[in-house]
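Chain nomenclature is as follows: A, B, C, D, E and F, assigned in order of appearance, with residue numbering initiated at 1 for each chain independently.
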Amino acid sequence: MIDPQSVPRFAGVATFMRRPHVYDLGETEADAAFLGVPFDDATSYRPGARFGPRSIREASTLLKPYNPETDTDLNEFTIVDHDDVPVVPGYIKDTFEAIEERIGTVLDHGVVPVLAGGDHSTTLPVLRAIAEKYGPVSLVQFDAHSDLWTEYFGRDHNHGTTIHYAIEEGLIDPETSIRIGERGGLYGPDDVERFEAAGIESYTATEATTLGLDAMGDRIGEIVDGPVFATIDIDSVDPAYAPGTGTPMPGGFTSREILTLTRQLHAVDLIGFDLVEVAPPYDDQSGSTAILAANVMFEALCAALESSTTNTNHDG
Amino acid sequence: MIDPQSVPRFAGVATFMRRPHVYDLGETEADAAFLGVPFDDATSYRPGARFGPRSIREASTLLKPYNPETDTDLNEFTIVDHDDVPVVPGYIKDTFEAIEERIGTVLDHGVVPVLAGGDHSTTLPVLRAIAEKYGPVSLVQFDAHSDLWTEYFGRDHNHGTTIHYAIEEGLIDPETSIRIGERGGLYGPDDVERFEAAGIESYTATEATTLGLDAMGDRIGEIVDGPVFATIDIDSVDPAYAPGTGTPMPGGFTSREILTLTRQLHAVDLIGFDLVEVAPPYDDQSGSTAILAANVMFEALCAALESSTTNTNHDG
Amino acid sequence: MIDPQSVPRFAGVATFMRRPHVYDLGETEADAAFLGVPFDDATSYRPGARFGPRSIREASTLLKPYNPETDTDLNEFTIVDHDDVPVVPGYIKDTFEAIEERIGTVLDHGVVPVLAGGDHSTTLPVLRAIAEKYGPVSLVQFDAHSDLWTEYFGRDHNHGTTIHYAIEEGLIDPETSIRIGERGGLYGPDDVERFEAAGIESYTATEATTLGLDAMGDRIGEIVDGPVFATIDIDSVDPAYAPGTGTPMPGGFTSREILTLTRQLHAVDLIGFDLVEVAPPYDDQSGSTAILAANVMFEALCAALESSTTNTNHDG
Amino acid sequence: MIDPQSVPRFAGVATFMRRPHVYDLGETEADAAFLGVPFDDATSYRPGARFGPRSIREASTLLKPYNPETDTDLNEFTIVDHDDVPVVPGYIKDTFEAIEERIGTVLDHGVVPVLAGGDHSTTLPVLRAIAEKYGPVSLVQFDAHSDLWTEYFGRDHNHGTTIHYAIEEGLIDPETSIRIGERGGLYGPDDVERFEAAGIESYTATEATTLGLDAMGDRIGEIVDGPVFATIDIDSVDPAYAPGTGTPMPGGFTSREILTLTRQLHAVDLIGFDLVEVAPPYDDQSGSTAILAANVMFEALCAALESSTTNTNHDG
Amino acid sequence: MIDPQSVPRFAGVATFMRRPHVYDLGETEADAAFLGVPFDDATSYRPGARFGPRSIREASTLLKPYNPETDTDLNEFTIVDHDDVPVVPGYIKDTFEAIEERIGTVLDHGVVPVLAGGDHSTTLPVLRAIAEKYGPVSLVQFDAHSDLWTEYFGRDHNHGTTIHYAIEEGLIDPETSIRIGERGGLYGPDDVERFEAAGIESYTATEATTLGLDAMGDRIGEIVDGPVFATIDIDSVDPAYAPGTGTPMPGGFTSREILTLTRQLHAVDLIGFDLVEVAPPYDDQSGSTAILAANVMFEALCAALESSTTNTNHDG
Amino acid sequence: MIDPQSVPRFAGVATFMRRPHVYDLGETEADAAFLGVPFDDATSYRPGARFGPRSIREASTLLKPYNPETDTDLNEFTIVDHDDVPVVPGYIKDTFEAIEERIGTVLDHGVVPVLAGGDHSTTLPVLRAIAEKYGPVSLVQFDAHSDLWTEYFGRDHNHGTTIHYAIEEGLIDPETSIRIGERGGLYGPDDVERFEAAGIESYTATEATTLGLDAMGDRIGEIVDGPVFATIDIDSVDPAYAPGTGTPMPGGFTSREILTLTRQLHAVDLIGFDLVEVAPPYDDQSGSTAILAANVMFEALCAALESSTTNTNHDG
């Protein structure tokens, strides 16, 4: 591994956290693998998330390996950069197949998937692969939107329908899942009913912060059961902190709030996660969205690796 | 109306909330009319607010019509885009006349004016038209600045003197008006005295949030009396959330705070409002300021339309 | 029509050249109709061209109606803004159908289609509608790339395969077509052979400027035969002049060169044109790409309308 | 004067070319005085030129003092930064008075005025002061627009009417004046006639470059007679080179062309000049427009100082 | 001093708060002197802070002189802009000598140093000059990082080692110093021990806000003893509020928090301060980082001048 | 090697032209190795070139392997990404040693060095390594500046003194070297004499284009003798085409001109090259500078590899 005090962080090929670039997971005993899912053709407003993995890689070169908040030292784990899924621009279902297959391979190697989208449609094939291994899992969703619509423009798959189909296909268990961060307008009062009927407990951004983030963490722990997959839509964060996204919605979390919320996942059996909807063409000059995304992924990665060291029975 | 699930939100001519573009209010039974006031020649620092209406229109295409926080469904109302006031660049008084005349026409049709500036000088002719119909109204002002100065550069009308002249001309009743969000340096201790003498109750951003935004809403309700006009200067919000403005001042509201504050206007008899000082040339790459402004206007519009359904006596 | 000397150009809803917004072409006797094609899911690198129509509309508000170079006065023609094609994000073939149908309607009304993409894949369904009416047409293509590849990522339709399929489907006559502006690397020497075999005469950007743009115009006139459709990829222009595009390639035309080249189309029977690949998220702060695109469209529109006045037999 | 090899160019208060900041010209024997005219309320489209002087000052810190093309060593002259005219935002006529008075003072001291706008309306009061001293002068205008309109929005003074009123008021002699760089659309064929009737010889950008810039320089020398004032609108340059301007028009000069054209002014009796319409909010991240403007001013300053050393009779 | 109501704030040469530009402090009886330290060659990630002083000067032109929160009227003090230290780009130790010498001169004149970096390495020579006059001082450090590392890339001096050497050289008294705002990853668990061993009391951003900023102010007052120097790294603030910095770290203070924290320094004997790591090339289009930095400096300046009026014994 | 038609160009870790990332050249039989030199502490104005290698890598993913202008197929060569030199930020001489050592290793392996700066100071240690192997070489320099100054700020090594020391140390033979693209102001007339005395034939940008680029190529061929190293400063190009650089100078080459000039190097025995001064923080939103730099490197790489196949005696 590169020694950041002998090689500056701005130097060299930008892999995730400057970790080794590994095409074949069989070559190494990795604990976790960063994998990009550069697909954004199922977005309903602004595209650009296909460049999310590249921008997060670049921002991640600034990350340091030790987490003093949780006493997690990533130097004790083998983390690799597993490149990107070979998506098929313009072809949603072909891309879904490519994603499902590649995540399946990662899981077959017993490696924690650390995924960077891409738009939120890409979470559906990820969950297909997850469910193939684990059965229906608990989902923790940080998101400004429910993604529980049934169709867009007369077609089924889109970044706003992901969770609907994840439930319909039995990939997640709504009763042990939770959504945090929702806010903003809807298409009509029917939406409210449909979302409630879906069975996922939901906390708006205001409700979550009013309750308190520690209490929110406790509630997550109470609701989930068994293996947990976390899907973090960067638009759960306020556009002031994460302007580079496809459907920005004011009123979201601050950076400190999303980092604290993510850190709460240490208490659950986190088997993997994705962070989606970072759209670099809309990011600011400083790359603030990518930098925040990299830091959130760092917290989630710490949580997942701590889980994997204590809950090793998944692959047993 | 355009169906957002059959026509994508990035498609088509950008009118406010994708509503019909109507030059003549006599052609329709509108409940509310969006109207741009693209004038910025009375700004003391950075111009650019003339492009505010255009940028808010574009950002508003992302808005959905139902407000789950207040159970308001804008699909039940007729909202139109009434184009812009034909301002006269470089000529303040001519522009003021054009504004006053056009707002007068809107009010004559019994339509709620939904105004997008432009710099804050434009609120003076708006209030002239409002007072012509309603007499002196209660003003709710969200603003980083008092706008109570008497002159700038030896001339009277400017975006920093609006409220002074509104009081002097008897357009608003200072005793039933309130200002929220003030902060930052002044020209000298005399300013403090002058502002207090003006008679408008004022809460700084820190005072408002320390008090609590619900309590702040209650206080608004106690102070105002009769018809209320709200003037929302986007610089009441912190530059992190609204960088695209002419005289940015750190220490302002977050997006969630301004949205919550605006939502409090549901409790008053809101007869119209303007949102001013969005200066797109200084906005970020994502258009965060315009997006926030569109969302704040959505909350104010919901409040105004709910008011207008319960308080229909104004036009009676 | 709006009088630009009484209403400032930055005011009002941004339609193309501030012309009337017309959903139903049957309501008016239009000579030409601007129509957006906001689809970018078939792009191989950077998306964003879905916002091309909106940005060109905004930039076009600065255009004046009289062309002193060609003595064309657009005030003598009825030009309307016909909104956008209702594309289906993420679904190429569904979108192609929507485009073909809408262009068909425009042509049925005898109106010159003035199209703003969208990525270059959208030209294929446009040509399908054109050929449906006119039979195989002559194509004038300004482009950095041939778009003659047969597939991308194992799939047929993509912004790099448009011209290949246009020939294969018999929509254009390669022998009376011409491509100007090509440059840059290829995948291998086979590409050169394939492009030559396609039968379209090609001039690189260097060849065209070495030959001289007037001579280039003469050559266009010699090659084409009968109705001509022009497809202008903004990446024919150098990235210094048009940075906001999906696959930028240095070494292209200057703004003066592309304007002069486009003006040469006055000599041919131009029945319509599209300008594609303007990707606003990558444009500069001044919107230079959109401004140039609007000016190029102005030249092409003048050429098409002059053609249509002298060659009215198409609809006869 | 600051030694650029002992103090880095990015250090220190940014005065023009790092020259002394002098409020009172009586304190020094200056040869030339840089003076900002930060007014942009008479612009018809994009404001922002009020920040032109500040951005040109910053960019000018990178200029070196010796011009190898003309063998001019600015170290042999006393050049000062004379701050800005105290304009009155929003009040055109008051501002015109302030400008005329301040330029008058500069001329009274026998100092060459080196002016940075501001929008092009500001040239009218400058010419009033010039004519007060010199009588009608020859004008060399580099500009994309004629600025020969008679009114805008029903009012006389605006950045598009400057030259019309300069002729009408007898400030310049049209017969010995020249305009170079015009291009783009007009309001109608009447414009062509009116511009010709004004009597200023005009070369479009294409005509000038086709003729050749050396020949263009010769032609300037033949036309002008006596004292020459040069007014350089940065929009004479193409937006690729100067995106930061209020009414950008493609097809303009390259940087090398405008530098060469400006250098031709060495051959005439240049008594002063202004460079207008640099609008920093629309400039690129690198400040390219300001950098080019600073370099053009450097060339014009060399020309003016060489003129002033050989033609000292003006103040005699 | 410039009267902001007769000369607009965007006009004129941009000195700090539009105060006089003074090279020789002997010429005036200044109370405080703004001084730029434009050096960034000791940064470990993103350079650009060399342009910090210039951008803060520009942003400071918007500051008004009276602080209503503390009833401080800067018009009662003589504040000058003392230009920049003549740093030596690329040569750390030579630069350190130039800084130490220049600060020494400022202190010799009994003037409060108001310093704008530059990267955080520049604080070391500042503290050398401070300690030369005052002996070891109490340090109040607002910072995302401890800057307590001992070396970077095998070399001692760097922006991450400043405080380590300040302690080692006896320039500050760690027992009466305090650090507020730390957060983010570290190189390993050893870092935690080393930082604790250094002896400076530290509050993370979360700890400080949980404790409450008033209580935090009280704690500062309890810890410090005697003369206090404050070093404010702008990265103590969250990147949403201050994106223009070299090593951004999410989870930091809001603008209101940093302004409130800085205002707490009124209670201590503040003898000077620096604000470092503003890197304009990474700032947003609005210059938000520079604007916030200018406002924070305004608060610190008020605190320092109030201290200096009540604690005049330092120079006695 | 990655197949661009099966894996999209925006996918995956960004290595140069998507070539393998190789730390140890002994592991492969490489023909050419891309190597970053991320050092910018010797720049005299704007830093940021340390991020040049990273941005060029990203832009290079859009390059295709076959050059139709020269019939060069890079698929026939083994090209690797050899990561970056471990520079030492803030320490010029230490960095020079690291560079010289690493280039030496590349040359020892008989691999063509393909270098991306970094500022122009980095070329001196590169030439030291080159001269160690080849003796004094012919230098072809494309540059806006001579880089022939002897010192800056009283210190020797800096990006403006590189060529002076290269001559003084006998690393290049000035009589067989050539400089193309110089322009802009100088410190005084002495500079002209000093530059001429250095003995390198120089063509300004205007002289080169007036002569014609083919003739310029012929002249390069006549002047150089034996092994040639090319050093390409991106500021030889005009800021409109390459805004992202440290000391931009208007009047430079267009993209087509620099590509054509670089292509002329096919005729000489090119043993390696560097492209320096790409400063991404100042690049435009589209990354135009990096994209142009990548294309220029592509042309130079084709030239160098063609040279190396015909002139294999260097390592013999």
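Criterion: a contact is a pair of C-beta atoms (placed from the backbone, for glycine too) under 8 Å apart; a residue touches a chain by one contact, two chains touch by 3 or more.
Chains and their UniProt names: A, B, C, D, E, F = Agmatinase.
If you're wondering where the values come from, they're calculated on a predicted model, not measured in any experiment.
K.L.:
Trace the shortest sequence of touching chains from chain B (Agmatinase) to chain E (Agmatinase) and report its length in steps.
P.N.:
1
K.L.:
Chains shared as neighbours by chain A (Agmatinase) and chain E (Agmatinase)?
P.N.:
B, F
K.L.:
Identify the chain pair with more contacting C-beta pairs: D-F or A-F.
P.N.:
D-F
K.L.:
Matching B-E on over half of contact pairs, by residue number: which of A-F, A-E or A-C?
P.N.:
A-E
K.L.:
Over half of interface residue numbers shared between chain C (Agmatinase) and chain D (Agmatinase) means same, under half means different, so which is it?
P.N.:
Different: when the shared numbers are divided by all numbers used, the fraction is under half.
K.L.:
Counting in whole Å, what is the centre-to-centre distance of chain D (Agmatinase) and chain E (Agmatinase), each centre being its mean C-alpha position?
P.N.:
40
K.L.:
What is the distance in Å between the mean C-alpha positions of chain A (Agmatinase) and chain B (Agmatinase)?
P.N.:
The answer is 38 Å.
K.L.:
So what's the Cα centroid distance for chain B (Agmatinase) and chain F (Agmatinase), whole Å?
P.N.:
55
K.L.:
So which bits of chain D (Agmatinase) are touching at least two other chains?
P.N.:
Each of 6, 8, 10, 44, 46, 50-51, 89, 152-154, 238, 240, 254, 281-282, 284-285 in chain D (Agmatinase) touches at least two other chains.
K.L.:
What is the complete set of touching chain pairs?
P.N.:
Listed in label order, the chain pairs in contact are A-B, A-C, A-E, A-F, B-C, B-D, B-E, C-D, C-F, D-E, D-F, E-F.
K.L.:
Provide the residue numbers of chain F (Agmatinase) that touch chain E (Agmatinase) in the complex, in ascending order.
P.N.:
Contact set of chain F (Agmatinase) toward chain E (Agmatinase): 40-44, 46-48, 50-51, 88-92, 94, 121, 152-155, 157-158, 281-282.
K.L.:
Show which residues of chain E (Agmatinase) lie in contact with chain D (Agmatinase) when the two form their complex.
P.N.:
Within the complex, chain E (Agmatinase) touches chain D (Agmatinase) at residues 6-8, 10-15, 21, 36, 38, 50-51, 53-54, 57-58, 81, 83-87, 89, 281, 285.
K.L.:
What does chain B (Agmatinase) use to touch chain A (Agmatinase) in their complex?
P.N.:
Residues 4-10, 62-68, 71, 73, 75, 238, 240-241, 254-256, 259-260, 284-286, 288, 291-292, 295, 298.
K.L.:
What residues on chain A (Agmatinase) touch chain B (Agmatinase), complex-wise?
P.N.:
So the residues of chain A (Agmatinase) in touch with chain B (Agmatinase) come to 44-46, 149, 151-154, 184-189, 191-192, 205-206, 238-240, 243-245, 247-252, 254, 281-285.
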